[in-house]
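Dropping the structure in here first, questions after.
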């Protein structure tokens, strides 16, 4: 096979097109050619599709994927963890590559804010060779310097893609805004980032986790992931929810509140939910969705700690894969996948995610 | 002398009245009667005067004072630090007393958020015996359980009152949002809290401190306190100031930004000034002065740490007094006092502070 | 009933004596008279019995107990958590009272190092009225200022005493030397502090916990508490154990090692077990048991964090009771109790603990 | 010039030999050829000379140097900070290169413990081309991937080499064991690492710094660096010194104690000097100099934090250079240099350092 099909975003709010690209046969040192087994549809893909983040169209979407190594460039003999890799191994990879040399990479050790960061499925034009830089495709060609992780046989692709970049994002966020054992936690949002945050909070020993979200099929997922209380966003007011959180936390509010909604108004709701001296992680405001009316007096008066977190680093992929080997997380995250689509159905897939109908939707290009 | 005069807030936006109260002669255990030597006019007093914080009128204002012990209740033989105290000693005291028993005092160790906290000069009605619970008075009667600090002879009242609650507030704030040696720091505001924050940042080893404030006589004070750059708020735009901060910080923004302005819009300006992954201390929003248009995406994208801090604890008074014994801080804080008034001139004093004319204004009831 | 029997340590290495003391009928404000339901035999009691810590003989031992309120002094209407208390309530209490005023209580917020700390069952001579200051007794009289915790009906005395001061000690220790989710952990020792450390590490989300201890019945307990690997101390060498820990941790050593043995040589063994940059909590060296040959180069070369922790604060009792309400910890800690004795059998009880025969031994004075 | 002279360690405890090596004219991408201006004699060089650390003889010593770029390999156009570099620029460089790929580099972010770390002046055999891998030489050839720092014109070589690896070591150590403003600090040792620790503690805002060391000319240096108290090691006992530290710290001990002596017994002395709950940085035990009799009970009872720190990272060189631009540190560190030698006098230089006769000794190969 000398070409690979891919689902390509050619214009905002337009259907993805299936295009065919040549597969580069001669790999440069450090590169890897991967046969994509499964690619997740991330909420960010919907934002990209709507044109809410600037990308160099046309773009092959897909930044959370699992595949099988088909060809390895010279010198690529170990994965990020130092394990040997060879053709035929199942792998996943960090979506981003950073420069390792800028102020943020070096001096401040905040590589997620690298000034030259590029992400598969987001930052590469499919017009430019080698074209295949996104997961919605039969093949993806990984650059030298990619952070590749060989998967243990016991870990199915569905668990890894079901966790997706939501889990790595949640791990990074909670690293920056830690949940300590015994903490009471509120998670705003029951999308993939909300459920992943719930999982990390649970694994961190939270004593009581209150989730605010919907629709019902996602609240049910939240219960399965270990939420103690799940409040339906659709049939309650902000004040109802605030009162319920207070009732569940002795009248004071939670130790940690994690915003994983992505709608700016969620920040107004969320900042009222920590106890005084508590923490508020603003994790979901990845896209710029505009302003809110906000009272900064709350931050001083409640002496809050408000933290932001952007994306993740390869070491958070390592941590995510380790979490999937604990308890029954692999099963739970795999179970989040409710919809599987072919490459040709990529538009239906995006639309399913856009309309919140799925737990998690994936594309299986070769199924 | 069996009565003491005091300047009393009897109605919002009305002149303070001079009233005379009986001095309680029989002290209960742990109480202390203090002859007030000097009382600072704090910006909060102006807020109280305007009715922006609810208080039980009539109130004797004054929560940052120095005096001499005139009488001690049984059992009060040591100050907060364990040093012996006796009649004739010069002392200062923490403005607040907390319950020591509530959720915030005990479980969360955040006594500044004690649910039963009461402050001299703020929380006591002068109608209720023993009346004398504020610093704008010839005498103040301290409750049992007050945190009293004997002053070393070398430390003049002017240094302690010149530092005032601004310094303890800054120390608490920077404890919650630390400045590390070598950090670049922006301080928004050149009022007493701004200057005190500058002092603490300098003592913490900041490499470069950029101050934004005014009027010119306060920018000059800022330079004297060690600001490397002082930007005049009055003849620059937000964008001018942002550009200058970027130019002073290699184009990235400061490691730590400290808001000590008190106007909500300062939060909008300030949140753009830290580098990605930097810290932003919202210290000045003590009063509820309303909403701003705010974009929460900034917090996520810049992965900021935003911290609030409310008031201070007795241990921060201890720390403030220790700071005043280092370098030339005592001299600098004492030098901040530009206006001294009698008790009868309390209204002029308040007005001077309200109109930003003073470095720091004080009342000396017996001068 | 006007007198209460107690088991009293009258001389080191001598049998405890049963003595009878008058029960004070008129309580001072804040005091509480408790009918002891169950008192744990702590390893520290064995140390006291052997004379390894200085105490004012004669002493009624017992510092981890549960009882029922029989009488309350004036003003004692709420427990430490602010819940109402009344006669008939089941309670436990922190073993120590601190001064709240010294350098460690105030300035450094390390009340466990209070210079005037006194502990029930340890610091009070039974010769001094009101005599009943230890748990090995039918009644105990708690001083004003004691930290009392009303127990929920769902929490049996066996769970609270089964956890005992081992759990509060472990919680404080791990607060000072945190286990983060995903960490690999080694616990040295399978006595009560070792098992409690294992519980807290598990609750904190440790990914893999390796326990070193014995005898076999305690290793079995360790497995029940969630140890992934339990190494028998008795049939392995130090080098065997080190190799096994390395094998379980990818060859690097654990992220956190917790010493809960109490024998100085355990520190030599333990300090080799963290990975470079890892943490080592020296929790078990409560008694001064002499010197070891020690190479400090290890600390520099492995750039370790070595932490000590002494006793616990009332807030750790609060945390312990909260942990007992999570998962199946109450059941597990209650299940640790293998031996129950009458007051008259106190010597047998001590001996059982001394000879490591029990999971946990308790005295039930009224059973 | 086609060859460069170097002072080479050919056998332990034998005189260094001057040898001549060819200068590689064709540079590979990323390499840099440096004309050495000044090379510091570090205490570690004395340890290497004595054979206390294993090195691949023969070795050109010298791991703290300043020089001028003579030739640059392709692609090397920016220094570690991103500043442009070109032939003729004055530079310094981090002594070590790490793999960036191992468990410590990646997962644990502790690159100083990289399993493949190599250091100029230590890890390279001079027999292997390109030979010139140490600072005691007319030229040094830096590998691709070296962390090079262009020096500002205002910063003399004497300041950079005077600070040397002592300052970067101290910065890393104090990063791991922070000094907060107002802390009382004890520094054990007045060698280069002790003085550098004193400088960093001072810059961090320590309120009182007590130094223990000698001989007198170094205590004088300590005073110049800002020590409040300097205790002469030679005419006092351990108990004298302990008492004096207690007297200077209110009877409790210091908040932070920094061991920078290198003799194991210093750890015994030092661990008694922090207050309870204080910190003890074991920074000087770089070489394995054997065991001490040590009582681990101290760690538990005093609930200490004991930290180790090994070497430094390039970002600590960045921080050191920034510190040298603050206050009068450049002048102070430059002033530490008391002895300058030619390459031919390298043995005298080593001997001077060995016998503690110098502040700091350097080699200036072209002077």
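Chains: A, B, C and D, in written order; residue numbering restarts at 1 for each.
One rule holds in what follows: a contact is a pair of C-beta atoms (placed from the backbone, for glycine too) under 8 Å apart; a residue touches a chain by one contact, two chains touch by 3 or more.
Here the structure is a predicted model, which means the values were calculated and not measured.
The chains touching chain C as well as chain D are A, B. Interface note: chain B and chain C, two copies of one sequence, contact each other through mostly matching residue numbers (shared numbers exceed half of all numbers used).
After Cα superposition, the angle needed to carry chain B onto chain D is 180 degrees, rounded to a multiple of 5.
A separation of 43 Å divides the Cα centre of chain A from that of chain D. Across the assembly, chain B contributes residues 103 that each touch 2 or more other chains. Touching chain D in their complex are the following residues of chain C: 103-104, 108, 110, 112-113, 176, 250, 252, 264, 267, 275-277, 282-310. Within the complex formed with chain C, the chain B residues making contact are 78, 80-82, 100-103, 106-107, 109, 314-315, 318.
Note for the complex: chain C touches chain A at residues 178, 180-182, 200, 203-205, 207, 319, 322-323, 325-326.
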